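You will see two complexes here that share chain A, one where it goes with chain B and one where it goes with chain C.
On to the complex of A and B.
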């Protein structure tokens, strides 16, 4: 009657030891001709260099592509988030790049805290309340 | 002739409800396998300096590696120190394969694997000194198994080099960009959507991803020393979560506990009913304690006496096996004193 083991795979707790920035790549597309890319072209020439220098852990990829410009964030969990920046000014694009770089890449949860409770990985220290362990003299009697 | 078993994982089309079939390996074009390192054996077998690895030994230069944006970003993401060369990181992303242009990470991965297994083993053995061997092995595997290490590499943002040469040529991609992606022999382990090879062969993709973590650990050890490698393993591997208490599977817990008590020269365990309610109803609850002499070893509750008793025995066994000493010191710590157990001298 040996003890048998049930195999597990250790799950990540990003930030407990090392912190890995979840966003790995931001792709920016622009069109040389289209008017909807005007803001993006301004952004690329003026602001991108400073932002890229501020985030060395994120790869910034600039692509010349026909059509309206987009920005796309790619994350370590394999997810992608795409935002259209058609006819937007550089300040707005800057805000959205900030949004993409600071995200975890997980799906957004609606009503967080209201409907979705946080589930702990650890067991409760206090334990579960038990009626069996209360003093019999003060137990509730039906 | 060995057989690969294939099962259909999900239902993709309504016509194919479920499939389970066997394919002979000879007809199976995807037969995955990891290339093993080949060595050039000198004519004089005793000239040990002349043994060499076959295949490319050309290292990536730091100048080339710095041109790969993925590689530079990965270096920053892992917060590797300046002294960890980009060329080493590029080598970590080269998995052993036939016809590699640059030197592969096979040697680094082997060394890194031994490092990570050593540090995790000492951590487990010191933090849980009473774990049975099977559970210790399972816990070690949960931390350092290929599946976990491959998962870590994915969470680092390592990407496989899935682009073909033609695709790279068409988008006019500089050849250095490929250094930032994990290169391995792209054996298609998932030949068809929804079909997974469950038996036979090796998951090359998983082995390749796992080799990245092992090689980076070896690289940290080479460039920054043993202490940095230990810290890196603690930060990236040991900081992950496993629940050892859920790893136990007892077949006969009460018998196991009796054996344990006799092994530890304790009085044989006795089960005593501590509390009960609704014995004659459809949902009775019993609380049973397991005692050895006057000391309570464990407690369990259940809907029947037998269930409560075996839960109590499991609880007692886990209380024993999952014992954790206060302030554990691992052998690789400078303040470790081998003559002390649990912080005090051993009296023989």
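On to the complex of A and C.
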């Protein structure tokens, strides 16, 4: 059987043509009995409808579950992020849901230097410098 | 390839010709001053002609853009990590970059340090992600004291993708 080279597959670059929102689902849990869910209950009754209407690409799932309330974001890359909203007010929960919807599910990076400012998958446009292609009259001789 | 470089570098070789002897130079320093009248005259407005850039065989372009004074060298499809929260934009929003210093390809470069005219190009990008870095911890302590406190920081950054880079 002859060996065949792997044919090049197009790389996925979100945003180059179409843009797909990386966050696919946000799950909110609450408890009907506990006091730590008071802010969450207020949020669900007052604010959630407007936020869900603002993000038509994202599924908002509300679950009744005993214990402290959480919000969970699930992403296209299979990762999920969980934030505890125990004893938090509706405004705080609103901010954290905004944070979950704007992220891509990647692991948070520690820091990036100046060289990581631009990430490119293209070949270098100006090429790699070569001593063989300089003018022979100027070329450095060892 | 060889010929192309040789033709481009021709004036450089002239510059590197050996200097004349020191004694043969009549005056080392000139005492001329720039006359104010000549500086006050309005310069003739030149129309920039980018046909060499457009018609050269290497089609792909690069551009040096400025965002809040910080320069980034980008091509089409690149990701830019902006080290701050772009408050005005959410993910999926399109931004037009209008502060461009350089546009070029393999053979030619057009550079204007004060900024290229906006009619000549179109560069836009999409906001992909608005996120934060890892929690960083820093201990603040004074000398010869036992007390110290910790400072926590999670600095925000915005990721955008350049999806259009072309000359008009």
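Following the convention adopted for this analysis, the second predicted complex is superposed on the first by the 126 of 142 C-alpha atoms of A that agree within 3 Å, B and C clash if a C-alpha of one lies under 4 Å from a C-alpha of the other, contacts with A are read in each partner's own complex, and residues count from 1 in each chain.
The working rule: a contact is a pair of C-beta atoms (placed from the backbone, for glycine too) under 8 Å apart; a residue touches a chain by one contact, two chains touch by 3 or more.
What you see is a predicted model, and the numbers here were worked out from it, not measured in a lab.
If you put the two complexes together on chain A, you find that chain B and chain C both fit without a clash. Of the two partner chains, both chain B and chain C are touched by A:21. In the superposed model, A:126 makes contact with chain C only, not with chain B. The superposition-derived angle at chain A (between chain B and chain C) is 90°, Cα centres, a multiple of 10.
By the document's definition of touching, neither partner reaches A:64: not chain B, not chain C. When the two complexes are overlaid on their common chain A, residue A:4 makes contact with chain B while staying clear of chain C.
In the superposition on chain A, contact is made by A:76 with chain B only, not with chain C. Of the two partner chains, chain C is the only one touched by A:135; chain B is not.
After overlaying the two complexes on the shared chain, residue contacts for A:56 are found with chain B alone; chain C is out of touch. In the superposed pair of complexes, A:13 makes contact with chain B and with chain C alike. The least CA distance from chain B to chain C in the superposed model is 8 Å.
Put simply, chain A uses residues 13-14, 16-17, 21, 121, 133 to touch chain B in one complex and chain C in the other. Note for the complex: chain C touches chain A at residues 1-2, 5-6, 9-10, 12-13, 16, 58, 60-62, 70, 72-81, 83, 90-92, 104-106, 125-126, 128-134, 136, 159-161, 163.
Chain B contributes residues 69-70, 72-73, 76-79, 132, 134-135, 137-139, 141-143, 145, 147-148, 151-152, 154-157, 232, 234-243, 246-252, 255-256, 274-275, 277, 285, 287, 301 to its touches with chain A in the complex. On the chain A side of its complex with chain B, the touching residues are 1-14, 16-18, 20-21, 24-25, 56-61, 76-78, 121, 130-133.
Chain A contributes residues 13-17, 19, 21-22, 99, 101-104, 106, 108-112, 116-122, 125-127, 133-138 to its touches with chain C in the complex.
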